[in-house]
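My questions all concern the structure below.
A, B, C, D and E are the chain letters, set down in written order, and residue numbers restart from 1 in every chain.
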Amino acid sequence: MSADKHEFVDGDLLRSIEQSGVGFRVATTVLGLTVLTAWVLFSRQILEGLGVTGLNQPVAWGFYIVNFVFFIGISHAGTLISAILRLSQAEWRRPITRMAEVITVVVLAIGAFHPVLDLGRPERALNIFTAGRLQSPLLWDVSSISAYFMASTVYLYIPMIPDIAILRDRGVRPRWLYSFLAWGWQGTPRQQAVLGRAVNIMMVLVIPIAVSVHTVISYIFAMTLQPGWHSTIFGPYFVVGAIFSGIAALLMVMIVLRRIFRLERYLKQIHFDYLSRLLLIMALLWFYFTFSEYLTAFFGHEPAEMRVFYYKVSGPYAPFFWGMVVCNFLVPVLILAFRRTRTIPGIFVASLTVVVGMWLERLNIVVPSLANPRSGLPTGYYLPSVVEWGMFAGGIATFILGFVLFARFFPLISLWEIQEGRELSVAETAARLETYLPDPPAAAPAEEASP
Amino acid sequence: MILPRRDLLKMLGVGAGAVGLGGCRQAWSVPDRLVELALRGPGLESQVQTICGLCAGGCGLTVRLVDGLPVGIRGNPHHPLNRGGLCPVGLAGLEVLYAPGRLQGPLRRQAGGEHGATTWEEALDEIATRLTALTAAGQGDRVAFLSGEPSELFHDLARRFLHGLGSANLSRLDDAGLAHELTQGIARAPGYDLGGADLVVSFGLDLYEDGPTPIHATAAMIGSRPTEQLGALIQVGTRVSPSASKAEIFALVRPGTLGAFALGIAHTLVREGGYDRAFVAEHTFGFDDWTDEDGRERLGFRRLLLERYYPDRVAALCGCDPALIVRVARRLAAAAAPVAVAGGDAVRGTNATWTQMAVQALNALTGAFDRPGGVVMPPPIPLTPLAALPAPPAPSLFAAAGDETAFGVDPVEALAAGVLDGTRPVELLIVLDTNPVFSSPAGDRLREALARIPTVVALASFMDETAAAAELVLPTPTFLERWQGATTPRGVAFSTLGLAPPVVEPLTDARHPGDVLLELGRRLGGEAAAALPWSDYPAYLKQRIEGLALSGQGSVVTGSFEESWIQFLEERGWRFLGRKEIESFWRTLTQESSWWNPVRSRGDWGRLFATASGRYEFFSRRLEARLVELGAAGEGGASAAEALARGSARLGLEAEGDEACMPHHEPEAARGEGELTLLPFRPITARGSLGVTSPMVLEMFGYTAFSPWQTWAELAAETAHELDLGDGDEVRVESDRGHFAAVVRIHPAAAAGTVHVPLGLGHEAPGSLAAGIGANPVGIMLAARDPLSGRLSRTATRVRLALVKRRSRGGPPPRHGGSEA
Amino acid sequence: MSSQPPSRPPGSRRIYLLQVVSVVAIWAFVLGISGWILHLLRLSHQLHDVPSASIGISIVAIPVFLTGASVLTYVFVGLRRGRDAGGEEQR
Amino acid sequence: MSRWGMAIDLDRCTGCGSCMAACHQENNLTAVGPSEAALDRVFHWLRVLPEVSEAHAEVTVTYTPQLCVQCDKPPCVRVCPVHATYLSDEGIVAQIYARCIGCRYCMAACPYNAKVFNWYEPQWPGQLQAKANPDVSLRYKGVVEKCTFCHHRVLKAREDAALAGRGLRDGDVSTACEDSCPAKAIVFGDLDDPASRVSRLARSPRASRHHEDLGTEPKVYHLARKE
Amino acid sequence: MTNRDASPPAPPATRRAGVALRSSGAAAKGVLVAAALVALALVLGGAVLWAARRPLEQPIAFNHALHVGQLEMDCTDCHLYAVNGVRATIPNIEVCADCHDEAASESAEETRLVEYVASGERVPWRKIYRVPEHVYFSHRRHTQLGGIECETCHGAVGEQVEPVGRPLVRLSMEHCMRCHQDSGVSNDCLLCHR
């Protein structure tokens, strides 16, 4: 197979891979240093103990768990959305699935590491493997997240094989890496059939896992008896929140990358339009769940629940609570409901507030319940320390670094899917035309129009 | 197994790799001896009985030893005082023993003002030289001794030491008990038979956490009784302490009106006939109107009560509901064996003596004297008497009463004033196990005075504020390292003697204060040596115990409490006969550490009422005589009535004439400007002076108010609301003298217009954990005196609160119940 | 290795080996995880602490892992088999 | 087999804090110091908490000792991922420090806030470590710890009883808090023995358990007059 | 690639690999260096651990075989509390002095012991058998109540002519738990963990 077969119009997508510039080096250095700082802080935490955080007696969980839930939530961006879009054969999905999947894999790895940060004795984390107990929701998480990680990695990788082969064939360095990863792809029909089948299996598989992951994470809280946590709708509530934050994160990533890599040709208004409508729907859905959750607590008027309720609504956490409502509901709905504001900057603002708002939601779930213990202890207080902020920054830096590195080595937009889209659309159009245009002379009706 | 941390870390290191090793933020200083012991592996366990010496309560302890090292303390379940219970400070005894910052050896002030190490030899030589010079110059009375050691046994020794020098300047700094002197004619406070009382009316005293023996009080009222027969408590006070929260009735009153409340109760008792007529008729003086020797009609207590202390007036004074007074009085009248006690605020004010007289009057009205469950005199401890020494020529500087107060002086103030004014110069001062610079409102004057005294010798286990101002600082062993001889604590109804050898060798280069005195006596020679003929302190103790052994009274506390009681009954009348028996008695006593005598001879009224009339005096003739004396001074020829009036006026009393000699409400003096009255209280974690050297005690210091390691200011909710302060706000408590920082704690039930601050924190002296922790409310108190006893008031200071910082951390827990309940 | 036709780039066989190794590693990982979950099930049985939900949740995980690994293997094998019969090698 | 339980008579309890101190000393707890205390990291297995309640317009304060209530259905045990906290055969909710990974899930799940965490390596200033109770282990940073019902005393008492050729009798085992209580408000014993003091008290009409509605089946009973 | 490097015709192969993997040469080198570092760390760590486990030496080369074998003494004659106590205790001069107040033989070791006894100085024995800090082990529970022989956990100490440098039986949790299981004793954690 000759390389010129791939000399196609989308060569500009490979520019960042074939000629990485100063920007890449600066970005990796800055991000790398941030990540390194986070690791230094983490080693200090290991050496001195969890006392370097702002955690304390009633508030035994803080930023690490908040960020764990938050990052894992973001990770739903990807795989779930891309799988649903693929499954529903939404043609416009083609330029965005890859980015969504990358978000998933990178963020999932970051999120999954957060419980380890939270351990008092991280060197004993292996106890989970030697002596784990399946009745603990934490173990459900371990198995569920690792399954999701595995599935989403595979789901990212398999559709990437043809693109890797393109890179391999174009002689991009490191060549051994691309040869290794291309798995001998030549684009033969048989290979394409195999790949298509595999992608289909994975996309069906990934959806229930993704749903299960955030359900199970919500169970960490819901399975306890604590006020504000012990709720049956936590599972769907978390899943909705996760998809919500995932779409917002995806939109942000798309807008940013579009700007950096000049992807205006690929990411068009319609992509943002469709996704932002989805975001709007999720915002309404999120509000519905939030409303149900808090109304139930309020109407039941159980003293312990009410203590948490008032702590959020009118107490010390009121800024965060109402900030969450504003960020997750008011701002996105107001921006996205009107065509005039549903511009790309508008969508960016809405997505940003949703990501912030969803982080606030996680904070609102984790801290207030712990800060208001049933036992008659004074109301708790939690102020994250520099270490925790540093680790948060490190997490975000890792996420961006992951993206930068990915973009350095792999195309951010699926080349072959776009190609396939083009070919399919030509075929489809031809087929459609054939249905009403006069048949060409002396030819059998075309049958290969089906996708 | 005791494992030094290094070893533990090594073991951890195997599992955790280098990670585990990084955790040590501070190097551990485990003594080599302990490391060695630990490496060899711990061996045998044993238990010894001893006495707690951290406060004057004298609780029995059982110390658990492993390889001879103490590893645990618990209350001695057989000890009659505490019956197994122990307060948090006593339980922290081992932390005091091993505490960081203990004085390691003798220190001497160097030229630069800093303390530097010296040796015992040099230090003792120096003191002996000074003392010799003073006695040679006939200035023995310029030696003074402030002692914080509560034991009579030690007190006797110290007195002999001073008498040998020709000085009478010995003070124990404890409460005077003047009220008992005035009404009962006894110098020593009587005991209260809490174990037999069915109702205790406590005026200001946090019975279960403050006072001389809170653990004994708890054991007697609750611990030793079945749940159906628990002693009932009525609390009259300004603050709902944990003890007060146990009260069946809690009467919240304005500060300084506790005496008035007592008189209000007395009024109701008298008006409703709920008092013990027989007792009043037989054993009291001045109840009804009476005629004196000159034929004058005098006011009786009954008329005073009925005319002046009717509930409406008292309620107005106290700021409470009149019905509450009647309710308390009726409850008191209905009780079979009630007793009234005073403490806390009631004994700290400028009207402390009258307040205590008023409370004692309730005991007289209810006939509580010499009744089971009442006010009794514990039997004396038949110690070997010591040959009398000639009395020193000059009276004690602590007893000298000027004309400003009727009977006494505040010892710290007197010492400071004498030195600073040059009226009673002191050349050498010994301060033992007490810290008046810290604990007295006259502390800063004392500090000034200490700088003027040529030689100040502090005998202390820790570098405290007083020791820091001393020239020589000589380490004393803590209670577990020393011979202890504890005598009956104040207010206990039976006699006890705790006698215990050291549990461990001193961990520091410390010497027993008794041995120090004996050694000094030896070095001085002459009369001083003759006054102290004992080779060492145990020898002295042993000689004093002989009398006890030979008396055959009481019993050594062995086995269970009940067993020892039976044993006591069996042994009654049995006499030790010879040296051998004395030896065996000594051995048993030092092993079991405690002796007690619960048998009181009833009807021995002379011991209870040593007044001229031989009765309880509602109308104190002694006070009358003194007031007349004061009024007559310099103005001969005045009639007795005029002199009395003038005497009262001289002391600034509001009461006139006969009322001044009887329990009455004398308004509390207030000093300084401010919207609130500063009232100190002593939480159970502030017992004794050494508790604060224990990290645990500091950590649980404010456990009742969620305030570890800090001083808090308790405010009533309405007061806080008026001042716009919230729970957890940081404030500055300011008096005209100074200020300190505290954290506001809002108490749902405290008297409005007061701010309650715990005593015990706010040390400045470095060297122990307590340094720089919290604040000392005594440090900002303004001088105000009880005109009778001369003691400095601790409740007279007005303060202002200034907000420093709003609450930064979480709030108080929510209240339970609410309107639905 | 010397049996490769000269036109083949050197090292391709090594890369192939690496690919095989990685597939095997994935299987090892998946089987390891499955074994671990089974071990946990056994452990929880021993400790008498199994609310059945936990079994269910974990039981689901094993097929997921197996499916994932199978899909990978399928793709790997499928791509090998599906190469152009002529064997023009990737370049 | 015994099922250990405790009864705390609040009508007796004076809130003096002795139990708190005794527990601290017996179980080798360490003080965290002022700066840590200001961060709410004070460390007690047993603490005396003031409880303010308002009923009938009258404010009352009670001081209540609170410790791990040793649930028969402990929420903390259900969530522990590594079997570091578990319900022992004798009904004690144990914490195995050598196993604990310090995830603090049990703390988050405990409705009684009975568990505490070693945020830093415990500090033993001066020579304090010499007083450590050799029967109780010293903990280290990063693990959760909690009241053990003085289990080490149970072990010793059982050995003593076996050596005397008999079974455990009521009163053979006492906890440190029980020993030190001057009001004798705390009674420890076997709830399965119908004649034991604690099971008699547990059957008293005055007895109740904290948060009984949560279904955790605590084995610590609080007794108080009901008005 | 490593097995390739290890094959006999090494130089050309390496070169060829170098060609093929040109772009990855640096990475490969990095991996190699990292692997070497890890190996070095492992070796060093192992050495440290091994050094930490070096046999303990006793101040006096006590001959168990002589006392138990020839003199037919019981363990508890010297380890006084092995049956009645929680801790067995290692005998020291108070115990030794019963027999060794003066030398009974020419042995240099005994002479040293007698010197200790004479001077009243305690023999600084080293403890060999120890359980971790978090374990509660009671001798009387095992020996008297459980009827377990000393040898079960201590091995044949009585046959040793020289002091043992490290435990003859490794005291591990598995060791304890197996025995508990075999003898039908509960393996409840709290029985040993404290």
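Assume a contact is a pair of C-beta atoms (placed from the backbone, for glycine too) under 8 Å apart; a residue touches a chain by one contact, two chains touch by 3 or more.
Nothing here was measured: the structure is a model prediction, and the numbers come from that model.
Chains touching both chain B and chain D: A, E. For chain pairs A-B and A-C, the one joined by more C-beta pairs in contact is A-C.
The innermost chain, defined by the distance from its C-alpha mean to the mean of all protein C-alpha atoms, is D. Centroid distances from chain B, each centroid being the mean of CA atoms, peak for C.
Rounded to whole angstrom units, the spacing between the C-alpha centres of chain C and chain D is 50. Centre-to-centre spacing of chain B and chain E amounts to 56 Å, using the average Cα coordinate of each chain. One inter-chain figure worth recording: chain D and chain E are separated by 36 Å, centre to centre, where each centre is the mean of the chain's CA atoms. Annotation: 44 Å between the Cα-based centres of chain A and chain D.
Within chain D, the positions touching two or more other chains are listed as 40, 42, 49, 51, 78, 83, 86, 120-121, 138, 141. Chain E has residues 20-21, 86, 132-133 in contact with two or more other chains.
Shown for chain C are the residues in touch with two or more other chains, namely 11-12, 47, 49.
By the touch rule above, chain C contacts chain A in their complex via residues 11-12, 15, 18-19, 30, 33, 36-37, 40-41, 43-44, 47, 49-51, 54-55, 57-58, 60-61, 64-65, 67-68, 71-72, 74-76, 78-84, 88, 90-91. Those residues of chain D whose C-beta lies close enough to touch chain E in the complex are 86, 88-90, 92, 94, 96-98, 135-138, 148, 151-152, 155-156, 159, 162-163.
Interface residues of chain B facing chain E in the complex, by the touch rule stated above, are 1, 3, 7-8, 10-11, 14, 36, 39-45.
Contact residues on chain A toward chain C in their complex (touch as defined above): 1, 3, 129, 131-135, 139-140, 143-144, 146-147, 150-151, 154, 158, 161, 165, 168-169, 176, 179-180, 182-186, 188-191, 193-195, 197-198, 201-202, 205, 209, 212, 216. Partner chain A is touched in their complex by these residues of chain D: 36, 39-42, 49, 51, 64, 66, 75, 78-84, 99-105, 107-109, 111-114, 116-121, 141-144, 210-211, 214, 216.
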